[in-house]
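Input: a single structure, listed below in structure tokens.
Letters A, B, C and D name the chains as they come in the text, with residue numbers starting at 1 for each one.
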Amino acid sequence: MTERLLPETIDFNGPFPTLSRRLRLGVVGGGRISATQATAARMTDRWDVIAGALSSDPERAKARGAEWFMDPDRCYASFEEMAKTEAAHPDGVDAVMITTPNHLHFPAAKVFLEAGIDVLCDKPLTNEVAEAEALVDLTMKTGQILGVGYAMSCFPMIRQAREIVAEGGIGKINQIHVEFLQDWMTPDDVADAPHVKWRLDPKISGPTSCVGDIGTHAAHLASFVSGLEMTALRAEFHVCGAPKPLEDTAFMFTRFEGEVPGTLMATRLAPGNRGGLRLRVYGSEGGLEWDLENSEQLKFYRFGEADRVISRGHGHGVSAATERLVRTARGFPEGVIEAWANLYTEFALAVAARRDGIAIPDNWLSFPKVSEGAAGVQFISASVRSNENGGDWVEI
Amino acid sequence: MTERLLPETIDFNGPFPTLSRRLRLGVVGGGRISATQATAARMTDRWDVIAGALSSDPERAKARGAEWFMDPDRCYASFEEMAKTEAAHPDGVDAVMITTPNHLHFPAAKVFLEAGIDVLCDKPLTNEVAEAEALVDLTMKTGQILGVGYAMSCFPMIRQAREIVAEGGIGKINQIHVEFLQDWMTPDDVADAPHVKWRLDPKISGPTSCVGDIGTHAAHLASFVSGLEMTALRAEFHVCGAPKPLEDTAFMFTRFEGEVPGTLMATRLAPGNRGGLRLRVYGSEGGLEWDLENSEQLKFYRFGEADRVISRGHGHGVSAATERLVRTARGFPEGVIEAWANLYTEFALAVAARRDGIAIPDNWLSFPKVSEGAAGVQFISASVRSNENGGDWVEI
Amino acid sequence: MTERLLPETIDFNGPFPTLSRRLRLGVVGGGRISATQATAARMTDRWDVIAGALSSDPERAKARGAEWFMDPDRCYASFEEMAKTEAAHPDGVDAVMITTPNHLHFPAAKVFLEAGIDVLCDKPLTNEVAEAEALVDLTMKTGQILGVGYAMSCFPMIRQAREIVAEGGIGKINQIHVEFLQDWMTPDDVADAPHVKWRLDPKISGPTSCVGDIGTHAAHLASFVSGLEMTALRAEFHVCGAPKPLEDTAFMFTRFEGEVPGTLMATRLAPGNRGGLRLRVYGSEGGLEWDLENSEQLKFYRFGEADRVISRGHGHGVSAATERLVRTARGFPEGVIEAWANLYTEFALAVAARRDGIAIPDNWLSFPKVSEGAAGVQFISASVRSNENGGDWVEI
Amino acid sequence: MTERLLPETIDFNGPFPTLSRRLRLGVVGGGRISATQATAARMTDRWDVIAGALSSDPERAKARGAEWFMDPDRCYASFEEMAKTEAAHPDGVDAVMITTPNHLHFPAAKVFLEAGIDVLCDKPLTNEVAEAEALVDLTMKTGQILGVGYAMSCFPMIRQAREIVAEGGIGKINQIHVEFLQDWMTPDDVADAPHVKWRLDPKISGPTSCVGDIGTHAAHLASFVSGLEMTALRAEFHVCGAPKPLEDTAFMFTRFEGEVPGTLMATRLAPGNRGGLRLRVYGSEGGLEWDLENSEQLKFYRFGEADRVISRGHGHGVSAATERLVRTARGFPEGVIEAWANLYTEFALAVAARRDGIAIPDNWLSFPKVSEGAAGVQFISASVRSNENGGDWVEI
């Protein structure tokens, strides 16, 4: 008798359903973001984190796994071995998170997908456009789930913003501005730190450093909320701090479907900014503004009316679809781990639906999917080409 | 061979140590706050939530337990049965959270403590002062851990505030103001809702409704940050909304050690306020202000200097002790579930230390303890007496 | 032929009308607040500041007057002389501002009113209730204009708040909280400064220091916006900083018409607070919040809806009556001098109407009048009596 | 005997000195901004507004003048006539403000300067670069004062920011971002309003609409605070709202001395933004951020320290030079009219010094001067050329 994960009947307009068991999650890569994501996965109570490829040194892999209370037999020194063994295991992982440095995203994602294991991969999805396309093809063929770590799109107030735009709440969009400003690269010697070094090595980080790390978050948010694909951009990369082989700052003009213009900016050298991810979408009837550092509130303007602030919680302007992602009462703050947990909740439901062989409505789960990951890689690639040719316009 | 939970050597100034296994947590009471706390416990990766007394109806108890993936054998229909069975179980729970309505806090806490199981009990610790004193005695005798759910004191910026005061950063305190304003009782018919009804029934809620629910959070925070015990108060209770048997609003003048004056205010009828818990401490050299709805930032004023804002994260004015409670980078917000997780982390370490028979430094773990719970009950009791005698001063 | 100041026909719903000439203003008392008020009067273009009693030393009076470009003949060494001379002058002052220390408010106001000259007097109107009543009687008899310097009620967003309450926008009021927190008395030696010394001398400042200076602003605002008179209070005075003969801090419970409860707090020892005048009014359907340090914005909550922020300017939720007090476009900030200028504009219209012998609609001009000044003196007096009897309730 | 306006000895480090009489100000152009500026001039008590060319229709010119209490003989129907007559008048105006539509700035400024009358001219200084250069030449030759209406640089907190940069408070600047976002052009039909129409007519407004109106404010502020000249830019103009002959939106990349990169953005179609002028300057050691809608506060970050907020007032991080521009106590807000008043104060001192034939220290008065006006015209011109050639880099 086959296992059934989702309930027999699902109310797609109600709260998200409970699964018949926790799913089994594996971890590939053992850096700080894997800890954050594992924390998020655990808080959903939909995942047990049970296996990992946390180091290429077998001893170290086991030692790190022990800190996570993993069975030593499920602590692998390579993701190839992990994929092979887990796929064959009767209680093998249902999915893995991939949180390695960028250049391993593609091979790791590929090997797990080919082993029949679903994947949640960090951004950028890959370092090359062709690789991203290969992953799209692979998932198209197999129907497998490949989520991408654009967790910012899983804040309830971002979902609310998207819904307001979709319902025409700000009219026809006339411009879109996004930026992601940080300051942690301000000290000249920060580039020597081990967790920073690889981000400035083109062989690992890919053709960009800042753009592929945080710029891509901004670009994703712009499209996610506006519902418009970015079609072209012109970009200039800068090294604003100490000399380094890849950009630490980038400025862009952007263009979206329907010739909607915009701007995009990313830097790690803006002292006083840390989670400075800000979205501003303006239209013929109103505007929306959101800031990661004030993530509980969405500013919503209708021209001619008093300004509005929608805050995360139940009712008071929050839609039923958004409420599915709400854990604590309005005014009792949630944060970025909860956004990751929303991603892991939706990802779990997608994984479960695939295993159950159930078709789900297109817009039931809005977590970032492989197509969005591929669009992100194309965005990065286009920005590199534009910068190389002096900032000319490049189609995406 | 006895199990050892904590490492052989502990650096009490470093990050909190990992335990040799996850602790086992039971849940008594199955309302919304138990879900929040269980989420928090899970995110620490220091607890497995494995047993519960989630309903007095055996069928319902098992059904609720199933949603939490509990073994049906560990789903009890009474906390007495749960205490007895779990105490005898080779892998019995190490501790329980008590999240029942108020009148059951005392009997439940008592039965688990007597069974040798540590307890984290919601506030108010008990409905009667004598009960609270009995629990203090019990823990004194047995050395058991009885934590209390004043989770607001586990926000990193509250810990930072307490440290600044202790180090003399604002000089000699001259006044302390706290308030907790909410608005969910604004609609006249809200009192009929099942999760509200018991809060207005003196037999269950105890002698107060609003004071024992949120006023006590405010009072705890005032003492926790200032390091001063509240010694006296005068209180007036009000029913500002629809008629009801217990107060929905209370105003107080307060007095702390050293004759420091203050005010305290709590209400559920202030539209626009939800998590309106605000602390303001002023001294001869500076001031501190914190607001739950902006919990990531602590305002710190030194008279004569530019104003300062300390934000949660590493460095930039955050102390090493506070950093132990930090999960995500500055600017990537954490929230109230993370505050609860901090409580569960420290509680886990205290439980482990007791089981290991290890003495730990007094100020290593600052989670709210039984003495603070008892002080909260005395605060509530004093406010009732003052209100009854027309708002005269009452010693606590 | 008599002069006519106001136009023949006035649209009481339109912008305020232009007068046929600037009115002539005299200044009694030459401290900092007189400079602020004169600046405000000038910016209205409805007043020329042409005469003054700026010092009791004749030489100094002339020297100070010269800085203000006053004719030496119009610089007086006593207000009695000034009242007599100006009343007889063909181009005598139409009105005076009284900005002396508190104990001179009464004799100065009396002498100018008796000379037929209108008065705008600083708060507190007088130091004794009987004196305030005498001034009320005097204006009743003569019809003269006696405005009071509660300038905070002349911020556009305060007017908007009052209008929202009057129209039922927050339903039936259930509680009112006001506070005025400052920090300039934090240093121990500040009391020795000349402009501070008199504020701590009961013979000059009257029976209170902090309450009569800033507490009375808070009390006025509470009544002004709510439309409810304060009927009773209980007060406790404190000296939170260095020892001094009068209170530097006061906490109160208040009661308004219809048994609406509230709180009031004033202190000069809250480091980080400067213009910390904050108003919060909550009702059965919504709430209003305003803060002097963010005076351009009014928070307006309707329970169950998204929060609103009304900002000073035209339209976008600002009423036509409020727009009369708006000078610059939304987003181009105005401040406290503009609030004073609104007071001087409305005062000018009242003075002109009296001189023209024209009846104006009751609610056309909302500047603070003698009755509000007298209510302020009664508030101060009640707070003194309550504090003296241990904080018992005192009817106002 | 010649008149002497300034005192015999001036303390250039103290408060600004009083003049021996009010200066006489004329008004050219009678729109809304002239009312704001006249209000500001009056509040300084350094100017009497006594003459005007408020309309080309003689009757209307007199009628408008009467509203300002001007002598009918001093109300002119053309600025040429005004310049000639006032120059010959024994009590002629000392200076004029020019607040006409843009295309008249040049001829009006020229005629008054040639008549020996100093000028404060609105931005953009002229519509053509050659015109601006001609005015620079003219003032070089005659030593006359030609101020420009970049009033935003006269906010105390902007002055403080400039001082912090100059003293190295943020280290070596690495990037500069400015933007000015408004929303008043959101409605499709707003372009038909009379006060809007000329702003979209290239013959009157010049080669730009939005850039020359608000973009130039942003550009000025960037250079004013950073102390760096803008050397190059690439610009793209957009019409985001209803079709119109000139841009309503512009995005730019900018470059400053020392190859410092930046961005600049201006639009009138961002609903929810009104006075959305924001400056952000980042350097190797810290950052500064300022927003017109929160003009009283300057955010000042030193990397590695707690964030700071400097607020307008005395002390608490505000320098002595900045304090000269402070009127009211910290926390009692000032606004944009006060910024204009600061400009008029400094302009008055410059006019007086010229008339007295006194040399003043270079950095005593920081109001925007003709060279800054000319730089603004060059900025506008460069942006037009860049936009026309597809957004290529253009040297300024």
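Methods note: a contact is a pair of C-beta atoms (placed from the backbone, for glycine too) under 8 Å apart; a residue touches a chain by one contact, two chains touch by 3 or more.
This one's a predicted model, so the numbers in the text were calculated from it and none came from an experiment.
Trainee: Once the contact rule is applied, which chains count as partners of both chain C and chain D?
Mentor: A, B
Trainee: Determine, using the mean of C-alpha atoms as each chain's centre, which chain is farthest from chain A.
Mentor: C
Trainee: Taking the mean of the CA coordinates per chain, how far is chain B from chain C in Å?
Mentor: 45
Trainee: With chain centres taken as the means of their Cα atoms, state the distance from chain A to chain B in Å.
Mentor: 34
Trainee: Just curious, how far off is chain D from chain B if you go by their C-alpha centres, in Å?
Mentor: So the centre of chain B lies 55 Å away from the centre of chain D.
Trainee: Give me the residues of chain C that touch two or more other chains.
Mentor: 273, 307, 311
Trainee: For a test of understanding, state which residues of chain A touch chain C in their complex under the given definition.
Mentor: Residues of chain A touching chain C: 300, 304-311, 315-317.
Trainee: So in the complex, which bits of chain B are touching chain C?
Mentor: Those in contact with chain C are residues 170, 174-175, 177, 183, 186-188, 234, 236, 238, 240-241, 249, 251, 253, 261, 263, 265, 267, 269-273, 280, 282-287, 289, 299, 301-304, 307, 391.
Trainee: List the residues on chain D that touch chain C in their complex, please.
Mentor: 18, 21-22, 36, 38-40, 42-43, 45, 67-69, 182, 184, 273-276, 292-293, 295-296, 311, 313, 327-338
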